[in-house]
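Read from first to last, the chains carry the letters A, B, C, D, E and F; within each, the first residue is number 1.
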Amino acid sequence: MNERFDRGVAAIDGLGGGYQAIFEPMADVAPDLSRFVAEFAFGDLYSRPGLAPPQRQLLTIATLIALGGTDRQLSFHIGAALHVGVEPQTIVETIYHCLAYVGFPRTVNAMHTAKEVFAKRGLLPLKAER
Amino acid sequence: MNERFDRGVAAIDGLGGGYQAIFEPMADVAPDLSRFVAEFAFGDLYSRPGLAPPQRQLLTIATLIALGGTDRQLSFHIGAALHVGVEPQTIVETIYHCLAYVGFPRTVNAMHTAKEVFAKRGLLPLKAER
Amino acid sequence: MNERFDRGVAAIDGLGGGYQAIFEPMADVAPDLSRFVAEFAFGDLYSRPGLAPPQRQLLTIATLIALGGTDRQLSFHIGAALHVGVEPQTIVETIYHCLAYVGFPRTVNAMHTAKEVFAKRGLLPLKAER
Amino acid sequence: MNERFDRGVAAIDGLGGGYQAIFEPMADVAPDLSRFVAEFAFGDLYSRPGLAPPQRQLLTIATLIALGGTDRQLSFHIGAALHVGVEPQTIVETIYHCLAYVGFPRTVNAMHTAKEVFAKRGLLPLKAER
Amino acid sequence: MNERFDRGVAAIDGLGGGYQAIFEPMADVAPDLSRFVAEFAFGDLYSRPGLAPPQRQLLTIATLIALGGTDRQLSFHIGAALHVGVEPQTIVETIYHCLAYVGFPRTVNAMHTAKEVFAKRGLLPLKAER
Amino acid sequence: MNERFDRGVAAIDGLGGGYQAIFEPMADVAPDLSRFVAEFAFGDLYSRPGLAPPQRQLLTIATLIALGGTDRQLSFHIGAALHVGVEPQTIVETIYHCLAYVGFPRTVNAMHTAKEVFAKRGLLPLKAER
C-alpha cells in the first residue's frame, strides 16, 4: 500500500511467521487492524533505529508480562525472539527479571507460556541455568 | 423482591438473553451476586437517565477492553449491543477507538471476541469498512 | 507533513485546546511522540467514520477510567468532551456507568478529576441529577 | 537447600497440595522459579509472624481478584484456604467484599473459579448465605 | 433515606472519620456517588455477616495495593483499619504479604502511604518487627 | 548481613544513587522492605548472569510503563539506566517501543518522567532523533 506498510510487513516477516494466526481471523471483521499493526506498530515504531530486533523482542515480552492476559501475543513474541536469535535462556532470564516488578502470578503464567513455545520447538530441556 | 431489583431485571431482559449463562452457575454458591448485579449494576446505574442503552453498551465494551481478561463479559455485552440495535460495524469502530488508549494486545483480543460473537450470529463477513 | 498528520491536527484542534500542555514539554525529548498522536491516534483512528466526536470522547473517558493513573489525559478529554458539546451531566453519567465495571476507587478518582475540570470552567454546581 | 527454603517448603506443604501442578512443568525450563517461590514468597514473606495462614489466604485471594487473569493461582489459593480451615462461605464473602473495589467482571470471574474449586471438593450447594 | 443507606452510613461512621474529605467535593457534581457508596459498598457489602471490620479493612488494603493508583482510598482505609483496632504492624504485614503477588513498586508505594498515615497519628517509629 | 544482601547492595550501588530516597523513609516503618529489595530483587534476580545492567534497566523501564502509576520507580530506573551507560535516546526509544503495547496515555506519562530526569541532569535538548 505504502512505504510504512511495506516497511512494517518486512519487519513482521523478519520475526519468522506465526503472525498470520493472530490476524487472519480478523480479515472479514476488521481488516484495517492488521494494516495498523503493519503500518504503525512495525512500520513506524519497530523500524525506528536505536534498538535491534532482539532487544525489541525482550522489551515486548517484559511489557506483555506486566500487562497480563496477553497469552496470544506473548506466545508469538517469544517465538519471534527465538527467530531473531535470542537464546531460550535469555528469554527465561527476562521473565525472571520481571518477577521483582510484577510479582509471582504474572511471572509464573509467562513462564508457562514460554515453556509451551519451547516445547513445540523441541528446545526442552533447556541447558542448566548456571 | 423490590423496585430496584425489578427495574434491573427489566433492564437485563432488554439486552436479549445470554445473561443467565454467566450467573446461573452461581446460584448455589453466591446467590446474592446476581441480585447485586440486578439491583445495583442495572437497577441503580444502568437505569439512570441520560445515556441510552446503545451508548451504555459501547461504554461497557470500552471499559471491558481496557480492563483486560474479561472475555466472558465482553462476549455478553457485544451480543447485547447488537440486540439493542448497535450495528456490528459500530462495535468494531468502538474497539478500534480503544487502540490508541490501551494498545494492540488488548484491542486485538477484543476483536477476536467480537468476531466470535458475530460468527455465532451469522453476521460475517461484515460490510466493507468504508 | 502529510495527509494523516494534517487530518489528525484538525481533529485535535476540534477538541478545543489544552492539548499543547501535554505535548509541548516533549518537543526537545521525543518530538515524534506528538507526531504519532496526530498521525495515528487522531489521523488514523479518531478520523474514522462511524463514531461522532461526542461519542468518541465518552468512550475515551470510559477507557481512561478503567486504565487508572491517567489524570493528565482524563482532564484533557473531559474538557474536550465539553468542547464538542457533551453536557457536563452526560460526562458524570458516563463516569457513573463505569462504576459497575471498575469499582469505586477508580470511579471516585475520575469524578474528582471531572469536578476540577468543571470548576475551572465555572460550571458548578451542576444542575440537579434528576 | 537452606533454612529459608526449608521453611518455605514447610509453609507450602501446610497448604494441602495442588502446588506441584503449578511448578512441576517449569522444572526443565526455570527450576529457580519454584526455589524463589519457596525461599522468598513462603520462606521470607508467608512465614513472617503477625498474620495466620487463614488470614494470609484471604488476603491472597483479594489480591489475585484485583490483579485479574490469575485463575491458576486463584484456584490453588482458594483450595489452600479451605485446607487451612477457612469456611467456603468466608471465601465467598471475601470475593463479595472485593466487588466494591474492583467491579463486577473480576468479581464474577473469581466467583466462577471458587465454584469450580468447591464443586471438585463436593462442597456444593453451600449453606444458605444468611 | 432508607435502611440500606442508614446501615451504610453507620458502617462508615464506625471507621472513624476522614471519609468526608473524599466525598464532600462531589456534593455539587455527583451527589448520588456518596449515596451509592453508603448504600451499596457499605450498606449491602460491608454490612454482610461473616467478616469483621478489621478483616474487611485488611482485605480492602490488599485490593487497593493490587489495583495501584488509589492513594486517596488507601490512605483512608489504613486510617480506618487503625480506628477499628488493627495494629500498625498488622497493616505493615499485610502490605508485605502483597509483595509476592504484586511486586515491589506497588508494595513500596503502599508502604509510603502507610508511613504517612502513621506519621500523622504520631505512631512512628513502630515497634520492632520481630 | 549475608551474601545475598551484600551482592544486592553492590548491585544497587552500581546504579548510581538516588535509591536511598525511596527506602530511607521506610526505615522506621518496614525496615525489612529494603532488605528484601537488596536480597531478593537485586541479590537473587538482578545479579543473575545472562542479562547485563543496561539491558536490565531497559526491561525494568518497559515493565514499569506497562504497570502504570510507578513514577517514583520509573524516575529512579531511568536515572540508573543513564548511570550504567544507556544513552538518553535509547531510553526514549524504549518508551516509544512500549507505545504499541500499552497505548498513548501510559507512554506519554513515562516520557514526561523521562524528560524530568533528563532535565535535572542537564541533558536537554537531546540530540535529534534521526
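Here is the rule we go by: a contact is a pair of C-beta atoms (placed from the backbone, for glycine too) under 8 Å apart; a residue touches a chain by one contact, two chains touch by 3 or more.
A quick note: this is a predicted structure, and the numbers were derived from the prediction, not measured.
Participant: Through how few touching steps can chain B be joined to chain E?
Facilitator: So the least number of steps between the two chains is 1.
Participant: If we define chain centres by averaging CA atoms, which chain lands farthest from chain A? Would you check?
Facilitator: With centres defined by C-alpha atoms, farthest from chain A sits E.
Participant: If every chain is reduced to the average of its C-alpha atoms, which one ends up farthest from chain B?
Facilitator: Following the centroid criterion, the farthest chain would be F.
Participant: What rotation angle takes the CA atoms of chain A onto those of chain F? Round to the nearest 5 degrees.
Facilitator: C-alpha superposition angle, chain A on chain F: 180 degrees.
Participant: Counting only Cα atoms for the centres, state how far chain A is from chain B in Å.
Facilitator: 30
Participant: If you average the Cα atoms of chain D and of chain F to get two centres, how far apart are those centres in Å?
Facilitator: About 31 Å, centre to centre.
Participant: Roughly how many whole angstrom separate the Cα centroids of chain B and chain C?
Facilitator: Here the centre of chain C sits 22 Å away from the centre of chain B.
Participant: Quick check on chain C: which residues sit in contact with 2+ other chains?
Facilitator: 36, 40-41, 64, 67-69, 73, 96, 99-105
Participant: Quick check: in the complex, which residue numbers of chain D touch chain F?
Facilitator: Against chain F, the touching part of chain D is residues 36, 40, 44.
Participant: Which residues, counting only chain F, touch chain A once they are in their complex?
Facilitator: Listed in rising order, the residues are 40-41, 45-46, 48-51, 55-56, 58-60, 62-67, 73, 89-90, 93-94, 96-102, 130.
Participant: Sort out for me which residues of chain D touch chain A in the complex.
Facilitator: Within the complex, chain D touches chain A at residues 22-23, 25-26, 28-33, 36-37, 41, 64, 67-70, 72-73.
Participant: Under the definition above, what is the set of chain A residues touching chain D in their complex?
Facilitator: 68-69, 92, 95-96, 99, 103-109, 111-112, 114-115, 118, 124-126, 129
Participant: Can you name the residues of chain C that touch chain D in the complex?
Facilitator: Against chain D, chain C makes touches at 99-105.
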